[in-house]
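I've put the structures underneath this note.
Below are two complexes that have subunit A in common, paired first with subunit B and then with subunit C.
Coming up: the complex of A and B.
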């Protein structure tokens, strides 16, 4: 066997695929190859599972150790780590759970996973300069509607039909996991970096649509319309104040070229 | 000027004091946060994973003879070898 073939056979054995590696090892003598391989396999699974549980402690708690072990193993078979840094393994976890649990009684697990992954993303997102309020105030009134107010990278929005924020909070120290009805949604969540931690806030639907529009690259005017569509009484001044106060907004870039067409004055 | 423009202008105008303070605080926070999270997450990926990984191995493989045959540091090395078989 060439080195490349040996390595591929070794990996196949670790993922429970048919492999000739055990015979190749046994041919060289020494302790039983299958048993030695099982050490690697167990180690690989345990490392993956524990890294996953660090990123998704609430999902792990909801599942319990035995079911989480099964779930992590299934997930690892579908989405093995492709990087020496195990942090990234959680990226497709919510989507995997959405498929795994479909519309069954545990459908809401996927949204809890999405919340936990959003927290990870906020914690690790690049830093970026915030909005310069004076620069914003210098923009002529007629150009405000066409202005693009991007959100900073460390901001995530999460909408769920389930009570995912209540579920998450109930699993924090001092919480009572038994007290929450997952069906008590919907939830509109804002996650952003605050001091040394990640802040989670339940926000209103109109605020959510306003920020969502900005995050998707919409103009100030479009975001205003999105908020109004969710709630006819949407207070854009309060929403903007909250966004600036929480440091959600990045440096504004006036959509000078195509912006003129968008601005309705 | 349309009422929409007036509403948006009023929203921006209302930022004067609050906004300046908020932006300054946010800037300080962000600078502090960058360092803290880098450290915390490195801990997650290296220390915790490696130690848990070894603990998992000990818990599921009870044969002490097999245990001692695994060289120290295998936990960390293994990830690299496995994930880049073509290198």
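Coming up: the complex of A and C.
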């Protein structure tokens, strides 16, 4: 067996697929080939499951150990690890749960997974410099609408029809997981870097649409309109102050080349 | 940078805060490279701060150099970026494979010890050393099976890899002991077959004794103290390979930081 052939057969056997690997294993004087392979299979499943539980502790707690084991196994079959860094395995987890639970009683698990993944992304995003407020003040009023104010890389927005933030909080130390009604949504959530940690904040729908538009590369004027569409009384000046105060806006030098709008120079 | 003189311990996320606050009396820290591949954030920042106080080595667990499938260029680029950022005293990987047919096992799977795999692995090690612009250390892994096609003993394979690629060795004494028991060889003979000058670092760890169908099999778990037989083997390794930097690994069932510090001090007492 050539190296490539042997390795493909080995991995196939770990995934319980037909494989000719047993004949390539020297099992003289000890457990047979199947038993030796099963040690690696157990490692493969346990390693994946532990990494998944580390990234999605609330989903794991909601499932309980037995169901989470089943769920992790199914997920690994559909979305095996593709790279040597296990941190990436969680990327399609929320989408997988959305499909897996569809409109059933566990439909909201997918949005909890999306929250936990967003949290992970914020924790790992680049440490880009924030916007200097003085630079913003220097922009003439008539040019404001055409400005593009990008968000920093460590900012995520999450909208859900479920009470996912309450669910997440109830699973933090001191919380009471039994106290939350998942149907008590909707949730508009902002996640951003705060010191060495990740801050989660419930925000209003208009603020959400405003930030979402900026994040998608919209101009300040377009973001203003998006906020107004959600709430006719949207106070854009206050929303901008909040965004600056939380350090959500990126230094435009680091966000250049993002379209036709005017950049602050 | 200077090599550490006292035993080190692995840097693990649950200890990050405490390590920064206490700066425990250990010689150095080893970081699993992949745990610091993020673009930014607290983990990378922690490693950078630890580096300000201690020598640090980067120990890769996911590059899977021995895989026949193409090398993951993105993974390699992240490792190079981290190496430039941290300035480690050593960069190490494993004599293993882990990736095939589009799936990564994220495990350290044993190489079939053939001429074909040796040539392949030596080329890959060369690519890694070229990308980093430095020598890397390759670690022997524990294993629960061997292949019918094996053409080399384990120590001969490592010696040939050193000769072909110019890499150094990270000798995991626990893995030598585990494999000696699992596959029936003499660890002292294994040591004698390694080129003495090539061993640049030593790992120590705990393992489990399992029984499968009446057969004893040692499983490398990194979840408990180093056993007496491995401490004894460590003393022989020091006698043969000299005072190279040592490290106590503990990954699962992580104990309080002080337990790891005590294990490292026990290793220093053997020096």
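Everything that follows uses one rule, which is that the second predicted complex is superposed on the first by the 246 of 265 C-alpha atoms of A that agree within 3 Å, B and C clash if a C-alpha of one lies under 4 Å from a C-alpha of the other, contacts with A are read in each partner's own complex, and residues count from 1 in each chain.
Following the convention adopted for this analysis, a contact is a pair of C-beta atoms (placed from the backbone, for glycine too) under 8 Å apart; a residue touches a chain by one contact, two chains touch by 3 or more.
Bear in mind the structure is a predicted one, so any value in this text is a computation, not a measurement.
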| item | value |
| --- | --- |
| First, second, both or neither for A:49, with subunit B first and subunit C second | first |
| Partner chain(s) touched by A:73 [first = subunit B, second = subunit C, both, neither] | neither |
| Which of subunit B and subunit C A:161 touches, first, second, both or neither | neither |
| First (subunit B), second (subunit C), both or neither touched by A:85 | both |
| Contacts of A:144 with subunit B and subunit C, given as first, second, both or neither | first |
| Partner chain(s) touched by A:132 [first = subunit B, second = subunit C, both, neither] | first |
| Residues of subunit A contacting subunit B in one complex and subunit C in the other | 4, 7-8, 11, 14, 31, 35-36, 39-40, 43-44, 47, 51, 80-87, 123-124, 127-128, 154, 193, 196 |
| In the complex, subunit B residues that touch subunit A | 1-2, 4-16, 18-20, 22-23, 25-27, 29-34, 36-37, 40-41, 44-45, 48-50, 52-57, 59-61, 63, 65-66, 69-70, 74-75, 78-86 |
| Subunit A partner contacts - residues on subunit C that touch it in the complex | 34, 37-43, 45, 60-64, 67-69, 72, 74-75, 78, 97-107, 109, 112, 114, 116-117, 120, 144-150, 182, 184, 212-213, 215, 217, 219 |
| Subunit C partner contacts - residues on subunit A that touch it in the complex | 1-4, 6-8, 10-12, 14-15, 23-27, 29-33, 35-37, 39-40, 43-44, 47-48, 51, 80-87, 123-128, 153-154, 193, 196-197 |
| Residue ranges of subunit A touching subunit B (in the complex, touch as defined) | 4, 7-8, 11, 14, 31, 35-36, 38-40, 42-47, 49-51, 54-55, 80-87, 123-124, 127-134, 136-137, 139, 141-142, 144-145, 152, 154, 193-196, 220-221, 224, 236-237, 239-241, 244-247, 264-265 |
